[in-house]
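In what follows, chain A forms one complex with chain B and a second complex with chain C.
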Partner chain A sequence: MADLGRAALVVSLGLVVYAFVAGFTAALTNRRRLAVSARNALFSAFGSTAIAATVLAVALVRHDFSFAYVAAHTNRTLSTPYALSAFWGGQEGSLLLWLLVLTGYGALAVALNRKLLRDLTVWVVPVLGGIASFFAFVLVAVASPFATQTATLDGAGLTPSLQNPYMVAHPPMLYLGYVGLAIPFAFAAGAMLSGRTDERWIVATRRWTLAAWMFLGFGQLLGAHWAYVEVGWGGYYAWDPVENAALMPWLAATAFLHSVMIQERKGMLKVWNMVLVALAFELSIFGTFLTRSGVVNSIHSFAKSPIGAWFLAFVVISSLFSLGLILWRLPLLKARTRLESALSREAAFLYNNLLLVALCLTVLWGVLFPIVTQLVKGETRTIGSPYYDFFLRAFGLPLLLLMGIGPLIAWRKTSARTLVRTLAWPGVVTIVCGVALVALGAGSSRPGLIAYTFSAFVLAAIALELIRGTRATGSLTTLISRNRRRYGGYVVHAAIVLLAIGVAGSSAYGSSTERRLTPGQSVSIGGYTLTLQDVRRRHVPNATETRAVLDVTGGWNGTISSGDNQYVNPPEPSREIGLKTNWLRGEDLYVIADSANPTTKVVFVKVLVKPLVNLIWIAGFVFLLGSAIALWPDAREQRRLVTRLAPARAA
Partner chain B sequence: MTWLALVLGVGVAAGAVLLVAWPFLREPVAADDRLDALSPEEERRLQLVEERDRVLAALKELEFDHRTGKIGD
Partner chain C sequence: MSTRSPARLVVALGVAAVLAVFLLYTALRGSSTPTLTPSQVANHSGKLAVVGVVVAPLRGDSHSPGGLRFGLKNIDGRSSVVSVVYHGENPPPLFKVGRNVVVSGSYAHGRLAGDNVVTKCPSKYTSKPAA
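The block that comes next holds the complex of A and B.
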């Protein structure tokens, strides 16, 4: 069946190249039938790519080791869900998933907008065709998932750390986000190519951007939880280049989602929005380059390969294309109005944008620094957590504060007197919380204290907004249904606050200790006492498990075990942490046992107490809820769009 | 299996070609093959409607901001 997969991919390549060439020709020469033909090619490309994806999925489930990809990433011991997750566990499968999502998203976005935005979609098709051509070419000519070999008895297996439920969901979630950013980019490029730089491309892609941003954000949280429970160093985010690769486009997309509201309301920031949408897309491709090239050291180094050069070339070409388009269309992108006051909602959005982009570029510089030093000095110098932590505090804390201030001030301008009156109640709540926190000992960490008090301010501001809005409209449901985007956004803000509290709590107020233990010896930390009971080893199918068993007393009474697994196929170790969530105390007890020796019964343990860390995971669900509210279809908005555009079409 | 793959592959390619060629098969000689671009008048109308919607939205926001106490009388 590999032949069918290969054939389907070749057909996909032919179709997307046709969509690219015929689409551009049709748009340039104003030919209707050719434009429809190009559009149909994009639709068909999704069908043929889906066939290729089905062939690979079937081969993975059937353990068909005549496929080199299946043999390299699975073995017979893998259950069906993990065998299927190998689809995105390797490079070739990941690229196929990318092409599948891209052609699927592209076909759907074009199909939904083909009537109302015909003049735009004529240009969107070739842009999407061009992007898809790159991925299809790489899949056909450079990294095919359908390479065959003489079938082996068993495969090499999936890296043990990837055999985790989070890894079944985390990568596809990120791909849905990365690839989703191609849709607003294609519509923005289509708007510039067609010279129709009004708001229609924004209205058409609003939900696509929001969905891509939601997937990217939630995908990162899933990855963070995977790192916390599986990688086992005691943290959840290590500023690894590949983690940063997902964070950067998310930050750019967050800035875009905010600044686009100014364009909709004031007709301002058109150039800025084009830059942001292009930046988000380019960073998503750059992220893949980082993941796949091996140009920087990363915990994701299992994915190294020579296709990085192709991605780098694509990033350079598409960046030049975007830049050229923006410069070409600058006269059409001029703002019609100006910022009236530095104390206004739009000014707050602007400050928010500057901070988000500054944070994004700071992270980008940190990621690029080893490459730059290698090129300039011939030696690789890496930037560590202190750099990122410093800028996260420098830009993140003011951002947190702005999340509270922004919603409370009016559009156009707010007088200083009104502002003081509006901020009074949240201000009082903040001061009371700050004093209470200092009294409770939170003053031991200044960034932690600031994060907590700012969080209290934002939550008070959101509560005040909801109370005032409910009073004005009569009910909370009426209030939310009248402006789902705004109130969905407030729920997302609440999620960011929970995230900030979780991050501040677990990093600024966490504690840890390390000790060498023999049976009967104890280690105490944060009200817990852990006594080593035994060091055990047992053999299970495909692995040897070594565990240090510790009795816990104090904050919680029970037994916790930690150690490592040594797998047979693939022959790799896996650290297995001990974790107890204490909901009463709002903290995690996290145990890492190293070098556990079942003969001498000696073990080196690291014990961490991580306050409020679970708020980070809860924030993920609140984030999803807020995004869902903002994404929910708005019939009134759709009717408005149809009545705005329909007479023009009928004329 | 190779034959089945070949037949399926040819089927996929043929289906795709048919769909791509469909606009020309359905309409071998088009009475008007031009894309229906907006006339300058329609473009102007769209701009005005967009501006009108923006102003209306701004007025609604203003009224809501007043009701929620963000702006005074």
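The block that comes next holds the complex of A and C.
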């Protein structure tokens, strides 16, 4: 079995290297049959990689411990879904998943565009072949998932905290996002290599970018929710380098998704879009380098791995390639039109882009800071949450405001008077909300109050747009179906508003307290009183559970338990939080019981009240809904595109 | 105003503003913390973080006046042991001897008074142990 997997990977490497070399030769010499051959090699590489992936998946499900990878990441007690999730739980398997998704995405994107954009796809194939060659080489020569050993009776198992449904879905979501960013990058590079720098590459990859962005965004929220319910520290995002590694390309891709609209409509920002798509792709690879190199200290990874050097080399080479291409094609990337006014929708998009890129670079600076200080001062220094929180407020709050202004402002230019008239109703809603919030006590946190009032402004602006549009078309569904991209975008904006309210509520207005308790003693917080009833221990298959049982009165009446599990195989502990979502009050009661002792009946309890935190998770589903609306096939748009692309194709 | 100038001006001002804020923040606030290995910590004092592997003996309780006491060595094992006394919330459940951790706190007189412990999250990749 392992030999089959190994052989399939070697075949994949040969095929993608062929797609790279033959593809470039065919594109340079205009040899059509060779180009078709290179394209077919890319398609076949997906097939051979799928064979390799199947071999690993079967080995995981069958607990075949002659595979070193299977023995290192699973054991016999794991159920099939968790055994399969070990596919992406380790370095080698996750790289194989990366190659599988890349060749699959690449084959599909090239197949779908090979007729309409033939002049571009002949260049896209070698670019994708080059990227895939790197991953296939690493899998064959550096980190093979098919290393074998003498079969052991059982494996090391999967850490208990990873045996969680969120961890089954979270990593593959991120990979679908990271790898998906390679498609717009390859088409952008293809457009520059072919000299066809019109808007066709953007149109062809719009849905690919949107899908990758959706997966990356939703994947991060899944990870955040896993951290919240499973890790048990009371938070959901710690600004850790590995978490930031997913955030940075998402921010760059968000900027790109907005700025391409300007290029599509006005022929502007061509260089900027090339820079953004390259930045998003490079950051996705750079994030992988961070995760696996051990170059920065992270709660997720300390291990130094030889794979990091390969990723760094790839980031450097592909960045130089992107930069060189952009500089080479600068004369072809001149804007067709120009920004006419600083008070226009184009300008609002530009401000949005600057803020998003500024936030992205700020996070990048925070991640790189330890490396820079080590190089400059010979001492590693890290910057923590206060730095990131400061810049999140500095750039995030204006971004939130722009989400409300952008959709209402006219294209080309608008006067200050018209702008004031347009923003009057959302403005009134904002002021009323602001006053009400202050009256309700939200003024205790200025950033929280600003976030809430700006959120009210954005929601009012979206509602205004929907009301106006529905009046004009007669129904909301007709309105949305006529321009799915636009209204899907508004739903995504609503999701971001929910996210902002959830983050502001849980961080700015949350409260916590800690107490040592014995039975009968109580702790009070935020209208809740928690009284320790008992500390219990019981043995269940594969674990010993210790729980502090607390009676809750006040804001909610009931019982809540928290403590820890000590597992037998693997011999790891896990913290088990007590969580009660109080939908009536719009908050979570979150209990962490430390050192619960069933003999002395003493426990150290930390209780947190997290207002509006559940809006963050709800935002994830609204985000998915909006993205799905924008992604949904649109026959009218397709007809428009065919008409629009036909002259360019004929030319 | 020329038709081209607003975009360029906005970009230039935006970039300049971002850079300025970066420099001001990192220079004036000075919120960075030295993150050292046990072998580097000897010549330092004050607020810092130490990255290392937990070594036995592990004694006490983070909630007790005497605190939780343990040692830290370089992850590769090649260093002397730094003594740690940790007070505060219980360390994360995965904390144990042999685990890689980051301990933040104040270092003085050869001892780190820790107030925060972060253990390696099991969700990512580990290198293979040396043969």
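Convention: the second predicted complex is superposed on the first by the 639 of 651 C-alpha atoms of A that agree within 3 Å, B and C clash if a C-alpha of one lies under 4 Å from a C-alpha of the other, contacts with A are read in each partner's own complex, and residues count from 1 in each chain.
We take it that a contact is a pair of C-beta atoms (placed from the backbone, for glycine too) under 8 Å apart; a residue touches a chain by one contact, two chains touch by 3 or more.
Everything quoted here is computed from the prediction, not taken from an experiment.
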Return first, second, both or neither, reflecting whether A:90 touches chain B, chain C, both chains, or no partner chain. second
Which superposed partner A:422 touches (first chain B, second chain C, both, neither)
first
Chain B versus chain C as contact partner of A:410, first or second or both or neither: first
Classify the contacts of A:365 with the two partner chains as first (chain B alone), second (chain C alone), both, or neither. second
*Go through the superposed model and pick first if A:36 touches only chain B, second if only chain C, both, or neither.*
first
Please indicate which partner A:334 is in contact with in the superposed arrangement: first for chain B, second for chain C, both, or neither.
neither
Item to complete: Tell me which partner A:539 touches in the superposition: chain B (first), chain C (second), both or neither.
Response: neither
The intersection of the chain A residues contacting chain B with those contacting chain C is none
The residues of chain C that touch chain A in their complex are 3-4, 6-7, 10-11, 14-15, 18, 21-22, 25-26, 29, 31-36, 40, 49, 51, 61, 63, 75, 89-90, 92-94, 100, 102, 118-127
So, in the complex, the side of chain A touching chain B is made of residues 1-4, 7-8, 11, 14-15, 18, 26-27, 30-37, 40-41, 43-45, 47-48, 51, 118-119, 122, 198-199, 264-267, 408-412, 414-415, 417-418, 421-422, 465, 468-469, 471-472, 640, 644-645, 647-649, 651
The chain B residues in contact with chain A across the complex are 1-2, 4-6, 8-9, 12-13, 15-16, 19-24, 27, 30, 32-39, 42, 45-47, 49-50, 53-54, 57-58, 61-62, 64-65, 67-72
In their shared complex, chain C is touched by residues of chain A numbered 89-91, 94, 159, 161-162, 167, 231-233, 242, 268, 291-292, 294, 297-306, 338-342, 347, 350-351, 354, 358, 361-362, 365, 369-370, 373, 379-384, 386-387, 390-391, 394, 514, 516, 564, 572-575, 592, 594-595, 604, 606
